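Pasting a structure below so you can have a look.
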Amino acid sequence: MSTLTVLLVLDLIGIFAFALDGSLTAVRTARVDIVGVMSLGVITAIGGGIIRDVLLGVTPATFQDWRYLVTALAGATLAFFLSGQLSQLTKPILLFDAAGLSLFVVIGATKAMELGFGPLQATILGVITGVGGGTIRDVLLNRVPTVLSANSHLYAVPAALGAGFVVVVSVFGFGAGWVAVVGAVLCFVVRVLALRYRWNAPSPPGAPPL
Amino acid sequence: MSTLTVLLVLDLIGIFAFALDGSLTAVRTARVDIVGVMSLGVITAIGGGIIRDVLLGVTPATFQDWRYLVTALAGATLAFFLSGQLSQLTKPILLFDAAGLSLFVVIGATKAMELGFGPLQATILGVITGVGGGTIRDVLLNRVPTVLSANSHLYAVPAALGAGFVVVVSVFGFGAGWVAVVGAVLCFVVRVLALRYRWNAPSPPGAPPL
Amino acid sequence: MSTLTVLLVLDLIGIFAFALDGSLTAVRTARVDIVGVMSLGVITAIGGGIIRDVLLGVTPATFQDWRYLVTALAGATLAFFLSGQLSQLTKPILLFDAAGLSLFVVIGATKAMELGFGPLQATILGVITGVGGGTIRDVLLNRVPTVLSANSHLYAVPAALGAGFVVVVSVFGFGAGWVAVVGAVLCFVVRVLALRYRWNAPSPPGAPPL
């Protein structure tokens, strides 16, 4: 498969995972109807990519290729009907979320590099692609975004590692599908280890004690 | 009147209705000053159109034609001075809101079709135009957006019906001012019926009982 | 120094001040880790400019020139390590915020005028540049944005004065670095006086008594 095909497939898997994650989070934390569940699933899935594309100054991929929206709607619909079985299970939600995060950060960083943005900007845009959808979801659900909270189990750190890996390797001229896969695996493994062993990033010295 | 004139007039009426709605909602639900009342009125009125235009990749209409901003400011100013009389009346707020919603979804869907976006995307962009301003208003007022909540009395459903009607008719080649008017009336009637008879969209099977 | 250099230097000072402000506000009001402190500092610093540039239809300056991001990260890092000493001091936070606000409104208004937007739009885009970052920060921290609240001590009023001054002077053909400096000083002085003497904008007649 070409690099482009690898990236598209990873992107659609990430969208499906994030749609499940977003819809199940909505069911678990707020009193929403089918419109809320579907919207929050779709927004979680496509929000990060939309923010990235708006910042890159291009038409959001989601609005150019119908496969993104249909994949997001499929994930959200599945989550709606299975919410009775799934919504109490926090582990699958966290794993879906880690998968979506990992795939999105490498895709975001790759796209920013391809459009000629600098390494620091591309890394940040990769992280934004990964955390953007969940952040919009949390804002709409009226809670402080997971990625910012003291108990986030690193979240943004593996995202920055994955995006940074892809950017650094690209700067040295190795741009190919396997780089995206390795970057995504790196992000996923660090995120899952952080969840398993409850690692957290340091809190500011001025923070009140937990 | 030409189709373009019909759309502009409908757009300005929608902006005026949403500005009244946004400002009165602000007075009723938060401790805001004149800046807050005016800002929330204007944001409710122009927010959906701005999100749509940013996603479409065009300069927001609001910043190109002064009539949009002036109409929004007029609605917000009227709401500020009449808030003592109006803010306890929930019915007019709901009717203003239904009018703004109906007009915006058909305008958004029409604009997206004209710029060459696909039917699914145009329908979603129509709905975003309708619900976007109120969603930003609710986020700024620190509450879960009406459109997502289990007790929203359909809200997004008539929006999708109105936008979908305009899109389907356009696909078959009938694009004219009367299509926009019929789509808006369809959305308005369904929304008002849903409010009157307290229709709600189904909640997810996994949701805790009301 | 050329007008362009003056504007860049003012912009970077504003970014540094807003990054300190955003990070210290995060430490003081929520349970965030280093990622949260850094993100909220950077977002407060660059958020207003990004909203402005997205609305203007240009690539955000932050993503074109690395100096913006590095300055924002420097301010946020400093705030993180000094948060133990600084976070209880509300006065420096308010002064940093007033400085950032003053610089950003004049820069935003100037940029909008240069890109050919009308006077009303340029004034509003100036105000958005000034208040946008703090508004995103407050939304992410799950509170009603300062700029909208009844106890904001004018906030948006000096912003509109500073932006309006720059716009009106530019309309009469005087566009130069000193205009930006005078506009920023005007905004800063009115804001600090409003804080010192607890001036507030009027509340709507329909608001419940304080």
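A, B and C label the chains in the order they appear, each numbered from 1.
Heads up, the rule we're going with is that a contact is a pair of C-beta atoms (placed from the backbone, for glycine too) under 8 Å apart; a residue touches a chain by one contact, two chains touch by 3 or more.
For each chain, UniProt lists the protein as follows: A, B, C = Putative membrane protein YeiH.
Predicted model only: the values in this text are computed from it and were never measured.
Taking contact as defined at the start, I'd like the list of chains shared as neighbours by chain B and chain C.
In this structure, the chains that contact chain C and also chain B are A.
Shared numbers divided by all numbers used: is that above or below half for chain A and chain B, i.e. same or different?
Mostly different residues: under half of the interface numbers shared.
How many degrees of rotation map chain A onto its copy chain C on CA atoms, rounded to the nearest 5?
Superposing the C-alpha atoms of chain A on chain C needs a rotation of 120 degrees.
Where the centres are mean C-alpha positions, what is the separation of chain A from chain B, in Å?
Roughly 29 Å separates the two chain centres.
Quick one: which residues in chain C touch 2 or more of the other chains?
Each of 54, 139, 142 in chain C touches at least two other chains.
Tell me, which parts of chain C touch chain B in their complex?
By the definition above, chain C touches chain B via 54-57, 117-118, 120-121, 124-125, 135, 139, 142-145, 147-152, 154-157, 200-208, 210.
Sort out for me which residues of chain A touch chain B in the complex.
26-28, 30-37, 39-40, 50, 54, 58-60, 63, 66, 69-70, 80-88, 139-142
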